[in-house]
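Two complexes come next, and they have one chain in common, chain A, joined by chain B in the first and chain C in the second.
On to the complex of A and B.
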């Protein structure tokens, strides 16, 4: 039951890919061969650009999921940040305005962490209440309508600028994924997060400061949400109460498609990478093939469930005998 | 009269939303003179009828320590499919709505119960897929007006013994839910499965089936909510119901259901919905903007969560 079973170096020292990695590769090959204009460099860059916001936000969600929680308020707090930024930029200038927006998002994540860690709230309820609260607050501030920003070059840089030939959002997404990987796998704090998420009783018994780990886990996750919110605001150049209402759902879906088991204590940056890549490629191919959006949604739903079914080794599907192996059927028996 | 400890705990949990309800009545009765009129109170009862069905369905799923994010879209899908069916087959096709809900519940329940997928992922996948289906069957999400609104208007707006027939239908379903929770074997199995799954399995309960049935029941109630929505609106609304599943979870928590499973408190859920609806109607009557109502709803959910956290064993941390 260790998370290292999913990705581990085999005896030869080769890195074994997650199943979702193979799915992503197959999709890449299939789409490149059969979908016209898919493999063009411009299009691939476009996919990476579109996926980067989701990837950064999903890094935050990944941390919460590792802690065994759920975070539903990220879409609402990103919307609040966009409105705050549009309101403050004329007064304070672009860097300070964006910093205020980021602080708002991180502050909200901190409050969520306080609810969950110190008031024993279920994260579902805490973030759900926060989501509804923030949606109302943002609409009240903005009067229910989108607020246009002055699209200066500075304001748009975060979404459209380039660093070393890479689009800035893509670079930030790569950095976020690396950061999350180092945090989860190579830092004491990350290992504590795994411990708290997989077995809280054991964590308490081992003397882990469980509440503090949860509080700071939520806050760090808020940092990733803040980055995603800033890029989004710069992209749409406006403050919108209804900016990304489904961001929470999409990020959870990305982690699940990437092969993550959501019951806490297991998580890897590759889950986010592959999950987001699969979603982005499918969305892009559907647009290129001119599929209507309902069909796209239907496909996405099927893929979420299908990929989770295929990757849940301990699910009953394997035990029932569809793909049963000796090891898994043993695990199934012991769970009864 | 002897009251069992479980019922005593439930009565105690009822006191919070009950006191809140009385408090709201006093405050709004003072602020808005037309709040405490019979007409307005009956209005509240009628308005909460859709959410109360969804929340009851959600309570069954919550009692087995799962949750269902699809219920909002099931309401929309049921109303749209039912409207199409009624337009082509006549009034008996109103029975299609609960049937649509049951089919959706069977699908979700199969994924969660039988195949053991995490409820978040399974219901999220079904949610996204069903939204696509709802848009496909109606052709890019247009509303489906009923060709003959005679029955719908009678059911939703006429007055039979003081309330519209649709509201009486909802009351009947509430009684059915109470019977399932309090008197049926299935209700006990829900609670046992949610409280301690291993123990339930040891005494011979097939927990996979029990979880499956809880999702089917939830689907049935959501389908009936879709029917009520169709009757009240006179049109099938395929894009309605966004976020309703969340309000349903909130109402159940306000009514004293803990998300850690093993609690099946239908009365509490009804009280929770009544509390939310009274708050919204009252705020509307004293003339605040709908955004303020949203802020208040969020604050109430957080407060209910704090109460839940205080009830829980303090040694276990949330998440």
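On to the complex of A and C.
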């Protein structure tokens, strides 16, 4: 009897690498050996710099996915921020202009949160509608063309500055990943997000403030989107309605490639880390090998589906078991 | 005494069905005569559904034989059974809501012709109209089924069965979702069908329906037929109820702790649904109060309301003279109201999260320090409870789905008994689908919670559970309190109370 009572803390305190971690390591080794100039320090730094915006935005997406939702409006929201920043910086100066941009993004995330939490819209519909609305709004403000900013050193610092020898975007990405990790695994709010994402009805029955958790979850995620938007604006030094139209899809893809199951209630900063690393390394290797961009997209698409299939425990790669006898007999009965 | 003269259309003799280690049916018998309504009665879990499934060949019985029209019934699957004229209408409607009435009526024909040409597989308009007429339904054939009321849909389903040259119509709890006028209409159609010679097998657990519709009655209890095809005129309600509830008494009498006289929970003028009567109830500190009722009596709804998990139509609930906001679980939890929901899977568990997280779901406030989780406190809080409840496997990191039903229930009970300042603990069906040992541990924990000063409300359709655990039991009928039983009441007291109209104490 006493054997039963000893708590098995099997998964606690032991570092286990996610399957996606191994994939990332293998890619790193393979590309270093086979792709010329890949392993050069300058190139690796370049990869990290290019990946950092996606990593920060994916941190926000990760939070939404843990809540059991999806956020499609982040790309459109970042584009609007870039236009707002370019318009306000000449009047208010760089810090205040960037702050206004950040507030716009966070405000949009808050509104999405209100729809989802208090009006029971699905996040898919709420954020899809917001995405289309924002795209229209941004084009109306900018008139369809990129608006150039005066590329002062201050304006460009977020994208090109360095802190302690580390590029600023990379440092911010690392901080974001750490922050998201602490939030999800060690904070009370992160625990509430897990509960709500895992089973909303049960969370209500257990007395969890479900609506507030949804609303603030969206808003905090908006904070990460805002940071990504600021770095992007600084990088392109212009306001562009077409800044990152695919950001939402790429962040969801990053989480999926990183091994996350998108059903809600579960998620880890490592999913973002490995997913983004895999995407960034493949893109970089493709550039170094002079592969045309359609080929890059073909590869990326294949890898998304392939890695998710490989990481799903019960998936049947060959599709034979999709209609198991059990399911068929069930369908049989219900059609009677 | 009038004898049934005709030979039975369908006869099932000593049917047994075993699923793994559980015996769903042990010795079930059934005789259904043409042109008569045969009501099959039984509590939840008595084996009614399993028996039905064997009759329509959806499952194969482990032993026993079924004869249909005097010959051995040889259908191998539901389609063949229906071709023989045995047509089931299930509790969960099996219509296609996005298709028209006509298309739905044609579904069987379509299935038989093995998908040649969808257009040609619609049955003739005349035929469709005729079968609708036979159930007294007058809607255009192109109406979408999804736009019909539940009652109308049921009629469409019966019409579909009638169109199938149906000899035995099986209705599985058909009235559970119907209004009283819809029920009346259904009954008159059932009688019409019988007059035309169709046999009807009507499964129910509602006694008042039996009186209205039954020609013959059988009662199943724990997998055995305890009343085998008796004419309804030869029996009466209380006899049938006794047979239905006559499970062997397994629980021993436990010593309940003494409770104080201070009233903690009060519900005044409580109406859980618009049409129900008003009920008033109270519970004292340390008292275990049962809410007992048959399935569908509303005992569970009242308990949900007391836990703050349900909106109410009228009335007020107070805890220690503080008003409880109806339907606000977050507020109720703050006031120390624990709630073990009746449906563990949808309302209780966080399936992919670890056991410990599941257990501490109501305790996040207490585990918080400056926004961070006190994980050590979390383990320290729940280790003793899990030990007391004998959680198996004793692994706090295992996802909740990987525990058995009994252990999942232990986790949810632990979540609630660990609440600080637990003042009221409301449990719905605390041991449904739970094995005997887990049941024991859960009951012990409930008694212990009462001993340490919590007011406990147990709502259950398991009579033994309520009667053996409660200091006092409210008998619930039609969504309101109809009587009160004191400690030590028996099943007989409960049955008597169900039939007495005025509220009175039965010792």
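In the analysis below, the second predicted complex is superposed on the first by the 299 of 336 C-alpha atoms of A that agree within 3 Å, B and C clash if a C-alpha of one lies under 4 Å from a C-alpha of the other, contacts with A are read in each partner's own complex, and residues count from 1 in each chain.
As a convention for this text, a residue touches a chain if its C-beta (ideal position, glycine included) is under 8 Å from a C-beta of that chain, and two chains touch if they have at least 3 such contacts.
Please read these numbers as outputs of a predicted model, since none were measured by experiment.
Peer 1: After lining up the shared chain so the two structures overlap, which partner does A:198 touch, if you call chain B first and chain C second: first, second, both or neither?
Peer 2: second
Peer 1: Please work out whether A:252 is in contact with chain B alone, chain C alone, both, or neither, and reply first, second, both or neither.
Peer 2: Touch partner of A:252: chain B, not chain C.
Peer 1: So in the superposed three-chain picture, is A:208 touching just chain B, just chain C, both, or none of them (first/second/both/neither)?
Peer 2: The answer is second: A:208 touches chain C but not chain B.
Peer 1: Counting only touches as set out at the top, which of chain B and chain C does A:189 meet: first, second, both, neither?
Peer 2: It touches chain C, and chain B stays clear.
Peer 1: Which partner does A:309 reach: the first (chain B), the second (chain C), both, or neither?
Peer 2: A:309 contacts chain B only, not chain C.
Peer 1: In the overlaid three-chain picture, which partner chain does A:116 touch, first (chain B) or second (chain C), both, or neither?
Peer 2: First partner only, chain B.
Peer 1: Which chain, chain B or chain C, is in touch with more residues of chain A?
Peer 2: Chain A has more residues touched by B than by the other partner.
Peer 1: What is the contact status of A:298 with respect to chain B (first) and chain C (second): first, second, both, or neither?
Peer 2: A:298: touches chain B, not chain C.
Peer 1: Just which bits of chain A does chain B share with chain C as contact spots?
Peer 2: Overlap of chain B and chain C footprints on chain A: residues 204, 263, 336.
Peer 1: Write out the stretch or stretches of chain B touching chain A in their complex.
Peer 2: 67, 111, 114-118, 120-122, 124-136, 140-141, 201, 208, 246, 249-250, 253, 259-260, 289, 291-302, 304-306, 308-310, 312, 314-319
Peer 1: Quick check on the complex: what are the chain C residues that touch chain A?
Peer 2: It is residues 56, 58, 77-79, 82, 88, 92, 94, 107, 111, 309, 329-330, 332-334, 339, 341, 346-353, 357, 361-362, 364, 367-368, 371-373, 375, 379, 383, 387, 390, 392-397, 415 of chain C that touch chain A.
Peer 1: Name, in rising order, each residue of chain A that touches chain B in their complex.
Peer 2: Against chain B, chain A makes touches at 67-70, 72, 115-117, 119-126, 128-137, 139-140, 144, 197, 200, 204, 210-211, 214, 249, 252-253, 256, 261-264, 292-302, 304-305, 308-309, 312, 314-317, 336.
Peer 1: What residues on chain A touch chain C, complex-wise?
Peer 2: It is residues 4-12, 186-192, 194-195, 198-199, 201-209, 263, 265-266, 332-336 of chain A that touch chain C.
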